[in-house]
Amino acid sequence: MISISGLIGQLFAIALALALAPLLSGWVGMCRAWLQSRTAPPLWQPYYMLHKLFHKDVVLAEGASSLFRVAPFVMFGCMVLACAIVPSLSTDLPFAPAADALALVGVFGLARIFIALAAMDIGTSFGTLGGRREMLIGFLAEPALLMVIFTVAMIAQSTSVATIVETLAHRDFYIHPSLAFAGVAFTFVSLAENARVPVDNPATHLELTMIHEAMILEYSGRHLALIEWAASLKLYAYSCLGLAFFFPWGIAAGDSFPALLAAIPLLVLKLAIGGVLLAGIETINAKLRIFRAPEFLGTAFLLAVLGLLVRLLLETKL
Amino acid sequence: MSSIPLSAQFINLFAAIILLLAFAMLAQRRVLQLIDLFALQGATLFLSTLTVALTTGQAHLYGSAALTLVLKAILLPWILHRLVRKLNIKGEVEPLINIPTTMLVGLVLVIIAFNVALPISQLAHTITRGTLGIALAVVMLAFLMMITRRKAITQVVGFLSMENGLFLAATSATYGMPMVVELGIALDVLVGAIILGVFFFQIRDQFDSLDIHHMEKLKDS
Amino acid sequence: MPKLLAIDFLLILASAWAAIGLAGLAAPRNTRFISKILFPLGALVALCVGGVGLCALGAPAETAVLGIGLPDLPFHLRLDNLTAVFVMLLGCVSVGISIYAAGYFRDGAGTAPGLLCLEYHVFLASMLMVLLADDAYAFMVAWETMALSSFFLVTTNHQHAEIRRAGYLYLLIAHVGAIAILLSFGVMTANSGDYTFAGMRAQQLSPFWASAAYLLALVGFGAKAGLLPVHVWLPEAHPAAPSPVSALMSGVMLKTAIYGLLRVSFDLVGTPLWWWGVVALAVGLATALFGVLYATVQSDMKRLLAYSSIENIGLLAVGIGLALIFHSYRMEALAALALTAVFYHCLAHAGFKSLLFLCTGSVLHATKERNLGKLGGLIHRMPWVAWLALVGVIASAGLPPLSGFVSEWLLLQGFLFSPGLPHSWLNMVVPVAAALVALVAALAGFAMVKFYGIIFLGQMREAALKDAHDAGLWEKVGLVWLALLTLLLGVMPATVILRIDAATRQLLGKGLAERIDDHGWWLLAPIAPARASYAPILFLVTIVLSVWLGRWLVHRLYHGRVRRSPAWDCGYFFQGPRAQDTAEGFSQPIRRIFEPMFRMERHFPSARDTAPYYSVKVEDHFWHWLYLPIARLAGWISTLITNLQGGRIAIYLMYSFVTLIVLLLVARP
Amino acid sequence: MDLFTLMLLIPLVSGALLTVVGERAWAPNLNIVASLGTFLAAALLTVEIVANGPRFAFGEQFFIDSLNVFFVALTAFVGLTTSIFSSPYMKNEREHGRLSAGRLRLYKSMYQLFMFTMLAALTTNNLGILWVAMEAATLTTVLLVSLYRTPASLEAAWKYFILCGVGIAQALFGTILLYFAAERVLGETGNALLWTHLVEVKGSLEPTIMALSFIFLLVGYGTKVGLAPLHNWLPDAHAEGPTPVSAVLSGLLLNVALYAILRCKVLADGAIHSDFAGNLMMGFGLFTLLVAAFFLSRQRDIKRMFAYSSIEHMGLITFAFGMGGAVANFAGLLHMTMHSLTKSAIFFAVGHATQKIGTQQMDDIRGLMRVNPLIGWGLMLGTLAILGMPPFGVFASEFMILTHAMKHHPWATPVLLLALGVAFAAIFGKVQPMVFGETEAKRLPHAPAITPVFLHLGIVLMLGLWIPPYLTHWFHEAARMLGTP
């Protein structure tokens, strides 16, 4: 059932993700700098950094076990898979059947578990602290994300992302109030999941407030590079997922090459806008205390469930 | 009433006397007199049994009459007397409940007993139909005595007079059980009495008193 | 001579187990003989049992009648597909456990090895008989034999008071449950006096009595499975037992309870009412949430796993409830989906939970320590156990591509289609239940990270851990077997589901097979690939490929140089093992967020303390809300009644007298 | 010489003999041999009866039919095992200085006489003689209970004597009423008390009198069965007497008393054409069961606790017979058998245990597994068996009773289950710490006799899984004789 063109499209999508992801995080960084009236780093900054990190030696803590060294690769692999599943340009993805939206949540979960375990591996106070907080955020965010997916999946009568996008994008326009709720909830969740303000601050270096940074405190060299890359891939994947769910227009239905080409600039545009919005959010919000995070994500969960109920109430004929 | 033959009237009379004695025992405070009353009861029982034997002319009833005389009227009272002397029990036996109340309760019991026995008596074809009720009453009064007295020996006397009541029922009401049974019963009574005798000494040795409120150690509450 | 049926084989195997046990009694103190010959033999028998179960799937039901039992009720036995699934489970899992046990049991304090061997194999045999039993008496006998043998196994180290207490609690609740089950059977016979299951199927119960039977069964089997509120024995008994026994109890015995529940609610009692499902769903959700929350706050590694077992049982109950709801509305396809999820989760949980319990056993042997606060960094000393445990942990956290995720995925799919229900309340409420299931799954991840991270990762919290040793050969083999089972269940769900579909079809008359069949073995698409699909093998390949490719590329393009240096101390001079999170510290967020769920006794250090310390003790609300009041009531009644025996003979005579008078006055023919 | 006579004669003669030669070294063996002889006679008799059907002896005064034949066998069997158990036990008591030679002599002779009275009570056809035998049994056991001559044992014996004496007296009144009723039908012939004759005419016996008489008989013999609230003598007597006596009291005496009630119930049912008797028995049974169950948790003395457990089971059995009907009677008989086997086994184990530890206080008994694994396992398995745990036979009978109750008297099932649950919690909670845990062992001068314990438990286990056909057949026969109202 895997067509050659499909395979090419798939690989192209992956490659594009690998290429675009650092750019996206770079772009967000730039916008933040502008909004905070700082002089922005160049757009290519993330690439420089990855290159530099790959060059550096890995400085491994004495207590580190083999799990510590495997974790970055696993995380990276998971994110690659995630990007492969989420339709960015076209919905004709041979890998899509491998994992539907529920499995996608599983993929993120797997990555999270590995990074959290790796953080605990060294046995410093901040590693375990980071791991604990990451898992806390995780178990708060996952149900909300699942509810969002449920809402969307019920609209599309399917959990396979590709099908969802097709139904949403390529059928006569219909307003789904539930999607509004789901959308807000999804935004909250993705902020938390990607270690963004107000839940976490990717730029912080004050250990007590760190979550993601605290976990990767001991990483260096290529490991750190992979983790950073994986992080930006995660951001990319989430953005694409959001776009696919809520602004699916423009994603190519079949594997027609021109449609694919047409989809690229549209995608870039959408991502760019998304980046600006994200930077905006990060600028106007302050970071929450860690124990306000449950309330934040609880709200997200509530919104998602509301969306589901609205869906059931307004949009299904009982 | 005239239809009732003389012998039956006599039997009823004796039965009534036995009941009277039972009440007397219930009222009696002193141990030795109690035993005497018991002996008296035994004697009356003997008489009534004898009358039944004479009227019906059943051979084994003579036997049981004799047995009653020897056992209930002579042997057991004698043993009890000896015991009381040997164990030099103080004369007074103070009941748990005071006498008048006991008597009232006894009265109620007699009424109950008669009413319970009534249907049976109506069915009885023997000439001494009434005695069954009396026997039951005697049994119950003896029972009451055992409950209300607190000396071991008085309990035993109560137990024995209960046997009297049963015997009355056995002989007068039903004109005697089969011989084997009566012998067996008599034997049991005798052995029981002897064992009790042995017991008294042991109890006295252990508790140096025959007052049964010493024997309230074994309990769960 | 007549051809031997599968059921005859199973009987032979059961008696073989019994024989092995008796052989152990022959040389009760000869540890070598018992551990190196008898237990492996038992494992062999287990292998055959699993094989027979596998073959019996899809085959027509076979019955047999043994000449023993009550005069008018001899043992009826039956091997149908439902039974076969669980027989397969019993066999496949106990293979690994028995092999492991061969290396685990050594002579020491407690029960003699020979006796242990007897109890162990009688336990196995009785579980097999429970699955085969086809009448109430045979079932009860096997059921209680199972309870007894496991009780003796739990109290192996009976010199410890708390272990005795655990055993007592266990047997008591098991007995109460058994009484409830017996009652349920009694109700289902509907006064026909026919106590065979066939007879019960034949009865047409009124809704009231049917519900009574169902609820009694729910209580009875719930008591064995560990559903709320009769779960309290489970976290006591599992840590008390030797690890292979905990594995067997948690992995297999709890499933026999699930089997019983399925047998009653889908097979014996007739068509269900919709609210039965809701009850099971609600109880299951409560149990799952309770279990996982308490699992996260435990400090004893086996207690943690025990609570996680409670959680999984809760999820199973949720699945059963969902299946019942669909079944009661004749939506058999969706019911089949939920029921398949239940079967699959039974298999998956049996695999990974046994694996994890066995791993704790190895840790226990290596360190003599069950308290998480005294472990840590064991991955350096016992890599085998650590990496195999990781498999169990990921499966238990319900993450792809391992077994735990498949069943959760199927369950969520089932929930996703619940809005089809012709009942407005249900299709509003049920999807919300799915949200809770998701929460439970995520929390399970938290608990598992705690379990694994604190035992195997970080720095060693005690100096003694330095000389911990890895598991022996037998133990390794056992662990590997179970890990492979978990992996297999994880990556080829379609194949497995095609096998166990026979059972689903037997209970519902409809299965998933025809819809799964027309895609490849690698793709699991219960309804249609367009609607939902999951291909763990592809999934696995992608991840492995990208990991390997990434590593190769990085090393190729750049270099693989590594330097070692001490961990960064963040400018704080002391970075000893004590700087790491304790078990309590790790679960502090949970305790804080879900505070009302716990009954906590905390001691906070004050500024003036010369030796400041912090301590927290988490207790189960049910003790104080349910069990203690009942105990007090019983005690009160007893004190009341014991006044009858006041010791005064006069009073005794009065009882007799009054009884007589009352009877004479009142009793009339 | 006729087997039957032999069976009755052996205990009588050996009893007399033992009074004479009591303190010889071989006296215990004589005791055992006599019991063995009795058992063999009983066994052969059983075989003969099973083969040739019922028979009379001594004219019509004694008889063996399908109802009592197996009770005879059971009684003789338990008598034998108890004598085997008691031989080392009593020796140890002697070593501990709790008993003098004279007491031992008294014990052995009384033991044999007690066996005699039991067998006589079981086999007599004459309800009067039945009464006499029961009274005689009381007298012999009174002496056995007071064997230690301690204040406690005397008190127990005294209460036992008075309460059972009074009870038995009421039974006699009941018998007299029965005779009174029978005489009107059968006339003044000597056989108006012969059960076989009464059964033939039971239909025409006067109902009102029979009702009264049954009340008296139930209260009377019920006192000996230990039905609440007439049970008060039972725990004291069990706890204070020597353990072998407790074993036979629980294992045999209660059974025989219940047997007497059953014989009378048949007549009452025949005369009163309603299940008046049955309802009475069910009421007593349930009340007893419930009361005993709640008594259990308050016990400190181990023998006392198992005495209450005996009361509980007697209540259950009484309830079963009260329900009547083939199944219930079957279950009742089965349960009687199981209970006497299991309970006596438990008392054997308890006896050795208490001797080893040196106290009957359960709080002081710990770690029997350590002291002597066999005793520990014996007690543990026996307890589980008596608590109705499969695969032991007690469960089989309880299963039948429960299911039958569910079918015909559903209102009673909750009570039954409540009582069984409470009893389980109480007994098991007390036995488990005694068996398990640590302790310091103590050597006994004479090795305990464990065989009887496991012999009994083995039989109970077998009956739980498989009841031999001839036994089934007997149970059915007996159940039929007990009649189905």
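A, B, C and D are the chain letters, set down in written order, and residue numbers restart from 1 in every chain.
One rule holds in what follows: contacts are C-beta pairs under 8 Å (C-beta built on N, C-alpha and C of every residue); 3 or more make two chains touch, one makes a residue touch a chain.
Quantities reported herein were computed from a predicted structural model and do not represent experimental measurements.
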Chain C and chain B - chains in contact with each: D
Return the distance between the CA-based centres of chain A and chain B, expressed in whole Å. 102
Using the average of all C-alpha atoms in each chain as its centre, how far is it in Å between chain B and chain D? 31
What's the distance between the Cα centroids of chain C and chain D, rounded to whole Å? 44
Could you tell me the distance, in whole angstrom, between the mean C-alpha positions of chain A and chain D? 79
Flagged in chain A as touching 2+ other chains are none
Shared-interface residues of chain D (touching two or more other chains) are 158-159, 162, 166, 170, 208, 212, 235, 295, 298
Check each residue of chain B and list the ones that touch at least two other chains. 116, 143, 146, 155, 212, 215, 217-218, 220
Listing of all chain pairs that touch each other, if any do: A-C, B-C, B-D, C-D
If you look only at chain D, which of its residues touch chain C in the complex? 158-159, 162-163, 166-167, 170, 207-208, 211-212, 215-216, 218-219, 223, 228-230, 232-233, 235, 272, 274, 276, 280, 291, 294-295, 297-298, 367, 369, 384, 387, 389-391, 395-396, 399-400, 402-403, 406-407, 413, 417, 420-422, 424-425, 428-429, 432-433, 436-438, 464-467, 469, 472, 475
Residues of chain B touching chain C in the complex: 96, 109, 112, 116, 140, 143-144, 146-148, 150, 155, 212-213, 215-221
Spell out the residues on chain D that touch chain B in their complex, using ranges where they run on. 61, 126, 128-129, 131-132, 135-136, 139, 142-143, 146, 149-152, 154-159, 161-162, 165-166, 169-170, 172-173, 176-177, 179-180, 183-184, 188, 190, 192-193, 206, 208-209, 212, 235-236, 239-240, 295, 298-299, 304
Show which residues of chain C lie in contact with chain A when the two form their complex. 376-377, 379-380, 383, 386, 390, 393-394, 397-400, 405, 409, 412-413, 415-416, 419, 424, 427-428, 431-432, 434-436, 438-439, 441-443, 445-446, 448-449, 452-454, 457-459, 523, 525, 529-535, 538-539, 542-547, 550-551, 554, 557-559, 561-570, 572, 575, 577, 579-581, 585-586, 588-589, 592-593
Of chain C, residues touching chain B in the complex: 639, 642-650, 653-654, 657, 661, 664-665
